[in-house]
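Pasting a structure here, questions to come.
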């Protein structure tokens, strides 16, 4: 693989680190990295098909920004070596406004007119609009939402975030470290992201021997006042409050409400974007021990050997400097990390053609996932092995700072408890063959 | 002349409502404008108050040109109108209705005085001063409309069809008050369909037919006029 | 009389328009053909909306009705195996049928209340889609909706997956629908709709059953809105509740009002012009993030400077070229 | 046994009380928004679709002045109120006045303005949520397990204070009468020398400023996003319909009714059902009494 | 006496606590011109609205041609020949004159939806247009046929209002304050039209508050006051009835 080829000369990470710093200096004079000519002689276009305006744009726009940084770094380093050629990466974005019809138009444009070799999508509502075209054109497409996967989606991969499966790692860690915390409540927004996540948490709690003391509480995605939600959740005096995969717009007010309504137990959540701001709104003490799944990218612990994402700390610094730390989110690095996996596969395949790249991806069996080496998986939940799972970090807030406590293995959990997961997925109608 | 209207034209979208009308109003007494429905009588008053756009011609009031000015500026100059259909504010009390008439005034003691004098004219309104105006009878509503117009301390009062929908007895009552108002020094332009009544009250009269003045003259002369008798006084 | 002349020129114009529409896909890029398909579907939607407004009632539930057609046709074809062309008719019929039922509570209201009532009814339908995962698929909606079957002509296989072919299919369906809508408007039914709009009491008094005619307008409009929904569903292959929410409805309102509602062509003009501006011109300028702002500015400018809609632009231009003053003043009115 | 029962009852009453407090808060900010919307509709006759975005603008004023520029919180709130009020004046002057005889045009223009405000917020602050450190974390324990935070108390106090002031203003001042007069009969009001332009300006300023202050005060509680207006506008519409369009008191009462129903259903059943109940409430009102619960009787 | 074409039996209509019409009884004979008068607020218009189906009666019956039609919809009543007009100039002002009357012909121009949009209704439509033209002729409005109704002089608009009603094939036509806002000349013209309509075989009933205007026109007059029947009789009987004078002029003496 191409990274290995690089390894014996100079580690890619170190190389990029130096280019980043020199680049940053150069960037003052030049308008950007892309202007710096290099040995690369060809360009490969990658489609970015996600909402860039409208209410869902928070899931698209920061990702595109991250990809631009990624492309500049890679191009500055000479591009991606495929066969004998060095390819520069160029992203072509199309704003699908989270509308399936516009997504189809965008996919048509990206494929037929821009000649892209790979399309990254947010997925969700927009994927079914693209699916027939992608299938017909054999276009390789990635999604951040693995619930898009079915046996029919042969060219769709979920190579970064296998939401919500990784949430089991946090629960497992919690059970091991706080054996007394038994009584759990859970709430989630009532949408395509919330429900499968609830199923996952239910399975994880059951596996850990924890007891759900209230039915899961679903609230409408348009909710702005979370006091009633929290009042209801806390009415049964739980030890553990699970926020499921709530968007940041919900996590913040939920935590704030939990704080104000005197919750004393542990909070577990999929995300905790901008947790320092939550601490501002609550207190350091209150947020101590908050468990979630997304590490800070300026966390030095990410420089761990097992982590495959290149220069997370520098990447974050660059991002924060350009777009502001407030724009950072998980999607900022996730799309970029998918590009890492893609370029590995393209290098291995010696081709940028979608079919070849997909074949190479699947052939290796081992994927250099952002948080460690991982494998293809998903048959039992999604009907197809097109999702990548491996280790996932468990992050805990300690003294006001998110700390990676452990990288836990999802496949290990799955091997022990998959029946529970299938049971809860089935109960909430989330199995691929239950979805319409 | 207090008011001089020179050859004004008014159009509603494409339909011409007034086609070159001229009238003059001296600084005392009642001038009446009579005519059939749709002849342009109300449009005339609306034009005077700035509610209808004057597309040609001029309106002069007390030496000042007022056509094209917004209604509030015209009220400020001293022209008040009790419009057709009374148009009182149903969800305001009687007193609040009357006080809106004094909207542009800031002479507080004077306003209180004028309010008392309106109540003097219309003792029935005094009894009902805190009642919602929508609960009043038709005649009482007409009183509110006239009282409200008086509250602006007008120098010219425009009355549009005050008899409409009122039993003759009630109108007699209102007519008596109008005479009182004129005696108090405020000239009145009275627009009426009921030509009999109007010509009985007024000094001078204009007959409006399809947007034009077809006849004008002293009210008593017009009462004798053949055409007027035939067209407006039932033979 | 200038009648013959206008007849001739309108014939020429019509022929040119039809010819233009037929060659259009060949002048467009692939993705623009995709846009053209969606546009022509929206043309039917907005034209059916105009029929609804003829009786003077403005609905905020029209897009949901479109969705009813889309969902119904998708379910008929996907779950019950009804052949797609038939399921499309059934879908449109379902939309019409639902409108007939809804007319009982809704036509107790008029004007602004009807506007709001139709919004509430639409929201309830959308909630039903969301909460009954079986059969509506919940918040994610339905996907893998069967597409329109390919036609084998022996010498050629016509795949309606291709935007160009689907464009022609839509052109035929929408063209026919527009013809019917136009005929309705030009017939006595249209006269009666207008009569109800301007003076419903008077219409009642001369034996027009206004409730029945309002219902008729609602049902007919819903049929064609539903039909546009089925065209959408079997092309895009997926429907979900968000696709038919009030924001989409606002776009239909915008198309109709910016285009102008006095004539049959106004709303169609609105959707065509605004779609071209938003989907082609603004995108081509690469203004992704600020696109909504510019679009908003265009909306404001259009209602401020063209209060009678884009349709009023035609006569204005004509007058300009004829060298006449924009509005004859006094001599016309005496 | 008895002690267990007593404990259950205590827990239940805690829950009930806490829920009441939650409902009072919800009613407060909703009525601030709904009353502004009603005021604008009453005087100018336009449905201001951008009202939710005015609320958003109020919230972002606090983001800018308090979070970024470190102004005192209440200074930022007042600035937000004034700034959004000025936005309202701008809308009145540039959009609603030229479109006075064209209510549908006013509606479309307000949608255009909504898109502009949203995009401006995205350009200025990004698509992600903004964060505001709350000025106070103080809270009052009304009893065991029943909490009212100071921040929420501000909102409640602002609603009570501003709406009472508005009530007094409308009932007791000349401008207030004039405003009500305009809402009832614009032409007759003009004949009293009331300038429709002036009254429209005042109504638009007050209406927008109320939305702005609601946004500014709740900003630390909701984490503003450029699209936050969307979720409040639908609720606001439901409220003004239940209350009777153009009825200020109706809007307040309907906001309270809606907030209590929604909050209690959320707490004792779930949030999804609460939305359905809200919509069904609106449909019922529309069918049974289309002029709203507190609207005038339909004139025969 | 023949069977009356229209009969009102113990008719009441309440609005909340307000009793607008109180146990009213009267009947209209076929082929007559019948007046319903009374001072303002006497309940004439409400009675009229109940008869024409705009309001349902609170109690009592409306008998038309022997059948109880109380509570029937206006359009259904119009279908069986009971047609009303409106106060003032209620017209389709945005339509041409001929289109106004064509809408009036709604009843006679029934056709299926299919034939409407395919144009197979042409013969029905041409019959309707012919009838509309004939009606315009009758009211001497033919020359304005293609004008917008809004552009007609006021008097002609009122005549057009009657034309629209007459096109709807009435057996009885209810005129709502047909003389309000007319000058004496126009009133005379209108009275002639009413006579012509009656001579056409249509029973005419009219509501007026101006007693003078209909004295010369009606064969019988029903007088209402405070929602109830005051008296009924020939114009002369009514004119000389002291109760009527009292109702109209308050206590008779001080009016003049």
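Letters A, B, C, D and E mark the chains in the order given here, with residues in each chain numbered from 1 onward.
Following the convention adopted for this analysis, contacts are C-beta pairs under 8 Å (C-beta built on N, C-alpha and C of every residue); 3 or more make two chains touch, one makes a residue touch a chain.
All of these numbers come straight from a predicted model, not from anything done at the bench.
Asker: Starting at chain C, figure out the least number of steps needed to reach chain D through touching chains.
Answerer: 1
Asker: Across the interfaces A-C and A-D, which one involves more C-beta pairs in contact?
Answerer: When A-D is set beside A-C, the one with more contacts is A-D.
Asker: Measuring between Cα centroids, what's the chain most distant from chain E?
Answerer: A
Asker: Compute the centre of every chain as the mean of its C-alpha atoms, then state which one is farthest from the centre of chain C.
Answerer: B
Asker: Centre to centre, by mean C-alpha position, how many angstrom separate chain C and chain E?
Answerer: 42
Asker: Based only on mean CA positions, could you tell me how far chain B sits from chain D in angstrom?
Answerer: Distance between chain centres: 42 Å.
Asker: If you average the CA atoms of chain A and of chain B, how far apart do the two points sit, in angstrom?
Answerer: The mean C-alpha positions of chain A and chain B differ by 75 Å.
Asker: Roughly how far is chain B from chain E, going centre to centre by Cα mean, in whole Å?
Answerer: Chain centres of chain B and chain E, defined by C-alpha means, are spaced 32 Å apart.
Asker: Residues of chain D touching 2+ other chains?
Answerer: In chain D, residues 119, 122, 230, 234, 272, 275 touch at least two other chains, as defined above.
Asker: Could you tell me which residues belong to chain E and also touch two or more other chains?
Answerer: There are none in chain E.
Asker: Two or more other chains in contact with one residue: find those residues in chain A.
Answerer: Those would be 53-54, 61, 190.
Asker: Within their complex, state which residues of chain D touch chain C.
Answerer: That would be residues 49, 94-95, 98-99, 102, 104-109, 111-116, 118-120, 122-123, 230, 234, 237-238, 241, 245, 272, 275-276, 279-280, 282-283, 286-287, 290-291 of chain D.
Asker: Using the touch definition from the top, list the residues of chain B that touch chain D in their complex.
Answerer: Its residues touching chain D are 49-51, 70-72, 75-76, 80-81, 83, 87-92, 96, 99-101, 103-104, 148-149, 152.
Asker: Note which residues of chain C are touching chain D in the complex, please.
Answerer: Contacts found on chain C: 58, 105, 108-109, 112-113, 116-117, 119-121, 123-124, 127, 131, 246-247, 250, 253-254, 257-258, 289-290, 292-293, 295-300, 302-304, 307.
Asker: So in the complex, which bits of chain A are touching chain C?
Answerer: Contacts found on chain A: 52-54, 61, 93, 95, 98-101, 104-106, 108-109, 112-113, 124-125, 128-129, 131-133, 136, 147, 152, 190-192, 429, 435-436.
Asker: Could you list, by residue number, the parts of chain E that touch chain C in their complex?
Answerer: 52-54, 73-76, 78-79, 83-86, 90-95, 99, 102-104, 106-107, 109, 111, 113, 116-119, 121, 125, 128, 164-165, 167-168
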